[in-house]
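Read through the structures below before going on.
In the two assemblies presented below, subunit A is common to both, partnered first by subunit B and then by subunit C.
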Partner chain A sequence: MGDILGLVAKRLGLGLIILLVISVIIFFMVELLPGDIAQAVLGQGATPENLAALRKEMGLDQPAIIRYLNWLRGAVVFDFGNSIVTGASVADTISERFANTLFLAAYAAVIAVPVSIVLGVLVALARNSIFDRVANVATLTSISSPEFFLGYILILYFSVKWGMFPAIASLSSDMSFGELLNRTFLPALTLVLVVTAHMMRMTRAAIINLLASPYIEMARLKGTPPWKVIVKHALPNAWAPIINVVALNLAYLITGVVLVEVVFVYPGIGQALVDAVSKRDFPVVQACCLIFAATFILLNLAADVGSILTNPRLRHPK
Partner chain B sequence: MTKKKDVLLKIRNLKIQGYSNESWIDIIKGVDLTLHRGEVMGLIGESGAGKSTIGAACMGYARDGTRIVDSVIEFDGMELTTATEAERRALRGSRIAYVAQSAAASFNPAHKIIDQHTEAPLQYRLKKRLEAQEDAMMLYERLRLPNPKEIGFRYPHQVSGGQLQRAMTAMAMSCRPDLIIFDEPTTALDVTTQIEVLAAIRDIVDQFNTAAIYITHDLAVVAQMADTIKVLLKGEEVEEATTREMLEHPKEDYTKSLWAVRSFESPQRHRPKDGVPLISVRNVDAAYTGGAKVLDDVSFDIYEGMTVAVVGESGSGKSTTARVITGLLPPSKGEVLFKGKPFPADYRDRTKDQLRQCQMIYQMADTALNPKVRISEIIGRPAAFYSGLKGVALKNRVDELLDLIELEPALYYNRYPPELSGGQKQRIGIARALAANPTFIVCDEVTSALDQLVAEGILRLLDRLQNEMNLAYMFITHDLATVRSIADEVVVMQHGKVIEQGPKDEMFQPPHHPYTDLLLSSVPEMDPDWLTTLLEERGIDNVGDAASARIATDDPRVSGTGA
Partner chain C sequence: MSVFVILYYTLLLGASCLAAYYKKRSAFLLLFSLTLVSFILGIIGGVAALRIVAISAGLLGLSAMVSYAFREFLIMIAPRNMAKELRTAPLTAAFGMFVIFTVAIAGIFAPFIAPFGEAEVISSAFAPADENMLLGADQLGRDMFSRLVFGARNTVALALAGTVLAFTLGALAGLLAATSGGWFDQVIARTSDVIMSIPSLIFALLMLSIFGGELANDTTSFWLLTGFAMVTGLLVVSAVSERSVMGWVIGLAVLAGVSAVFAGAMLILFNPSEIILILVVAVIYSPRVFRLTRAVAGNVVVMDYIEAAKLRGERTWYLIRREILPNSTAPLVAEFGLEFCFVFLLIAGLSFLGLGIQPPTADWGSMVRENATLISFGDITPLIPAAAIALLTVAVNFVVDWMLYRSSGLKV
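This part shows the complex of A and B:
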């Protein structure tokens, strides 16, 4: 087991380094945006004196390196400074939004991951059958349609025509959990449709890829029934690629929800990012980007660790 | 030993087709086979003869991309070709079992050995899990696996190849089948391991009076195992007879040619009296990054124009030594001399002229040649790189090289590796090595993946080239028959050490280092009584790994070795 801990520690260290590099990129990308923030905040009422005063107040008169280090020092303890539009703490504004996004992502993931893996196993079992083709075409159609289009179609049928679910996912703090699930069902379903195809096809491909292995033939020649060949003999060896695709899609559920949140007016972090960009609220933009990056790194790290843990050679060394 | 003589398996007019280039072509063209209960039949032939396909067909199983047409396969009165898939599946594992060539690849890496063993008995509800596990341990013990109570609870990668092969035989026995198909079960094993597996298989097949079909390309092996032998060629039967009759009086020319295949022997050359060795390996230690020492104080010389065969089991450090000489793996201690002068340890520090001297030919010609590159370029690239040839001169050089390896330049110049047969690919590998104009070539198991007839052709070619161009070979092999036919000197390696070395004629004469002795005595001979006699002489505990583990280090013959 010592080997595995070492491997995990190495991956974790690597993840931290990548995060640091990304923080540099994010900070200086925002720096490169044209225009003067102080000028933008003051707008028409800017005089040279109050411009200079505001710059000093915001620390803009200092060199970029110093500002980066100050920002980084705050970011480590989740202090991303104050919004320059509302003046409220960025961390406070974002944390609630981020929690909402996480909830929606988890809702979609709880449906999408099992469904796509089970579907993937089923289509691998019935490969090249009608069922395989229908499942492929259906999931490909849903992945190829833009989210906003899928979202509006779902709204049209599920809420306008059949009245089953609300079209707008507005939240309030006194809702019951059931009510919450009901309100957010349509955005979650949209996300499920978007990510299922990828995971299902990867599961199918990873399993079929193994079917030519000698140990699969051995299992067949032992009289093992086809479903058991797939579930017991192929699937345990196919986890590594499947886990990686699942992780990528989970990351997408968190960072790629902007369109879905806008369509369903869902108060998530994606909307917060869109608002912040249009208002040049750069502390919020930087914080959102850093959170997205951290999500990606963390999930990929989890995928790496997962792949390591599913490899019997690493789990049971000689 | 009395064997019941009722027919167990009757195959008539077996035809199997394979799908290729959008049409079905015949792979097996009407083979008949009759097997009685308790009888062992050997199927032999070269690769592509359809041995394994017939083996699978005995279970009513057609591999992906093949189909069985218009045949009769009757197993114990049941017609398999008309049975439903479920009926056929119910036979597999329970009444007909299969032992595959590579146990390492045929055990599922994700499950413990014993769980795979008990899968079939549990599936058929023949035994409860604990009963099945106890039965497995009993079989492991009978097959003389170490720690029979515990070994099944390991994962396949934690067990050695020879042990896995025996565990797979035990697995085939788990439901006490009437018939076992052995598909080249010892081909991937070292000779000393092979002998143990052979003894174990023969023993257990006898004990349970199981009928078996034993598929192999190795005549000496099949001679030990089978009651009758059927020779196959390109999907057709050549002849069938009892083992003794087949060995003593083969009727068909093809069979005779198979029997005569080891006739080639190159006359032995001797070291010049006072020459400087071309390559001299001096006290080399080596290890892969972070790993344990793989080579331990390895020293030997290779003289110009001579062949040094390096023999030993897998993992004994043969290929690592070659990597050290070619500079792919710089040694941690010691050095390599070329014509008496130190050779830079890392190939990156060698000059083009130094690099040119050492070339390699690999075991798997399939993977050693880029399938997307034309033959002309595969051979032409090193010719251009080392000699700076261009245009017409380069084309002439490639033609000349193709002539050397006995392939018609006009026919092969523009072809791609996948269009060639295994032997032709290996010839291209040789031409690529020759293109650099080397003085020394490392041949790493170059004939192990080839059929015997083809392998002999390659050996003859290598010998001819050596005489014409005064090449020195380092010939890595685990096959002692190959050593006999081509070597001038022999180096025996075990656990990263050179344990014995000397001229070939001396090496095949006693007294030996006990390990060399073990190695030599483990090579199967064409005599059908060889295994029986050997086991009687030495006892079952004195062959194979068990014996090699027991070689005492204070044996006087061990300490007093060397050239």
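This part shows the complex of A and C:
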């Protein structure tokens, strides 16, 4: 077990380094602005005294390296300073929204993962049949459609025409869990449609790759019943690619959520990011980007680690 | 039981019986499962659901006929060897080519096709369709159809420019990294790793928050463009000049001139905020192109004929141009189509968020957002530009799918 832990630790270290580099990029990109944040806050009509006072308050009189280290120290304990538009603490505004986004992503994942894996395996088993081709065209269409297209179609039918679900996902803290699930059903369904298509295709490819290998043919030739070939011979080896597929798509869910949140006016972190970008509220933009990047890297890492754990061959890299 | 329902089931059952009789196994399976599904749909959704199924089947049949005719047309006008390739194209690919062709025509001849200008206010807000306006008016009273046609020009041109830039930079870096290897390869590979570990939409939003404001002016975008062109060009110069000082001097001088001309030309074609968008997209997607090119070229570089060319004393640029590139065209062309889809969806998404192409320029993404309120009245107008985005992306994907199938061993 020792060398597995070592490998996992190595991957974690690599992820940490990448995250550090990304934090450098996110922080120093704002430095590219002409003037500085103080100038951006006060606008053109600022007096030099006002500027100097604000700079002192925001710590802009210190060199960039020191400010970066301060920012990073804050970010580690989830303290991103104050918004330059509202003046409120960024962490307070974001943390609740982040929880909402995670809830939406989890909701979608709980539906999408089992459905897409089962469908993917079925389609792989029926490959080159007419169902496979129909599924291929359908998933390709679903992947190619922008999220807002699917979202608006769902709104048009499920909420405007048939009145089954609310179109706007407004949340309040005193809602029951069932009510919450009902309110967030349409955004979750949009995400499910997009992610299921991705996952189905990737699962299908992984399974087909496996079914083409000689030991499966051997199992078939010796007369093993088909379900046993799948469950006993193919599945143990299929876990690695399937875990990979799931983790990669969860990473996609976390970021694909931005457009869906805007369509359904869902109070999540993606909406916060878009608002901050159009208002040029840099502390919020930086915080959101760092959170998204960290989640993305974490899930990619999970994919790596998962495939190492399930595939003994990867434990002994050549 | 209306006449429609009776006709519907008679047709389906008749067709499945015929298919079964003539031993068309897959057609029978499809038709009969559709019949079974319609039983359930009919019970749950009533006649309306069946009508939707019938209409979509009709549309599917129509598009199949169009694609078949278009493929035959292409086979007729194409030269001999290309016609042979086209004959192997599945109907989906033909459909894709037809859509791409239509959008290209609409984009190129937009001012002649569109009855009104893209920013021309001709009636009241959200006016319904009449004999003047095919699709009604948008939120400011501009003709929806004209804006759709102009959108084909603006959105697609932007996405195409972004893809071309991303592809040039990524492919050149990938080819050079594959041929030279060593620290150059390592540095670029690690850089692209970092860029790719930030989700693309998030990275685009970050860059737009910085370059989107007052930095989106003529001077900044000129220098950014020149810088981009210089970086790309440096790769070419380093491959061509090969350690000769004279080559570097001449190369750099030519490069500086070419970059400035390129930046000037781009500034004439696009406005500054669009150029920022193009550059953002190019920076985000070039690492993906780099990875693929590096992998494809890496397989070619180890071939014996490359070794032979090296022993002959050929230069890096010759190797890239005459040996590696011709042997990796097929996957690169497919990758170009795929990248175009990603870029197109990213730009459409950004415009939908109000951060991409700025009004009054007609653009499919922002048209969806501007008219989104109509959805709550059950009007499908805002879905039309969204459907156009989906249709074009699907079309490109269909064609790419076919090319991948043809060029690679993906024949599973």
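Just so we're on the same page, the second predicted complex is superposed on the first by the 301 of 318 C-alpha atoms of A that agree within 3 Å, B and C clash if a C-alpha of one lies under 4 Å from a C-alpha of the other, contacts with A are read in each partner's own complex, and residues count from 1 in each chain.
Operating definition for what follows: a contact is a pair of C-beta atoms (placed from the backbone, for glycine too) under 8 Å apart; a residue touches a chain by one contact, two chains touch by 3 or more.
Please read these numbers as outputs of a predicted model, since none were measured by experiment.
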item: Which of subunit B and subunit C A:L156 touches, first, second, both or neither; value: second
item: First, second, both or neither for A:A276, with subunit B first and subunit C second; value: second
item: Partner chain(s) touched by A:R313 [first = subunit B, second = subunit C, both, neither]; value: first
item: Touched partner set for A:R220, first subunit B, second subunit C, both or neither; value: first
item: Which of subunit B and subunit C A:V229 touches, first, second, both or neither; value: neither
item: First, second, both or neither for A:A293, with subunit B first and subunit C second; value: second
item: Touched subunit A residues, subunit B compared with subunit C; value: C
item: Contacts of A:A212 with subunit B and subunit C, given as first, second, both or neither; value: both
item: On subunit A, the residue positions that both subunit B and subunit C contact, one per complex; value: 212
item: Subunit B partner contacts - residues on subunit A that touch it in the complex; value: 211-215, 217-225, 232-233, 236-237, 312-313, 316, 318
item: Subunit C residues touching subunit A - in the complex, by the definition given at the top; value: 26-27, 29-30, 92, 193-194, 197-199, 201-203, 205-210, 212-215, 341, 345, 348-349, 352-355, 365, 368-369, 372, 375-378, 380, 382-383, 386-387, 389-390, 393-394, 396-398, 401, 412
item: Touch list for subunit A against partner subunit C, complex; value: 18, 21-22, 25-26, 29-30, 32-34, 40, 127, 129-131, 134, 137, 140-141, 143-149, 152-153, 155-156, 160-161, 167, 208-209, 212, 251, 254-256, 258-259, 262, 273-274, 276-278, 280, 282, 285, 288-289, 292-293, 296-297, 300
item: Complex contact set, residues of subunit B against subunit A; value: 56, 59, 61, 63-64, 89-94, 97-98, 100-102, 105-111, 119-120, 123-124, 154-155, 157-158, 171
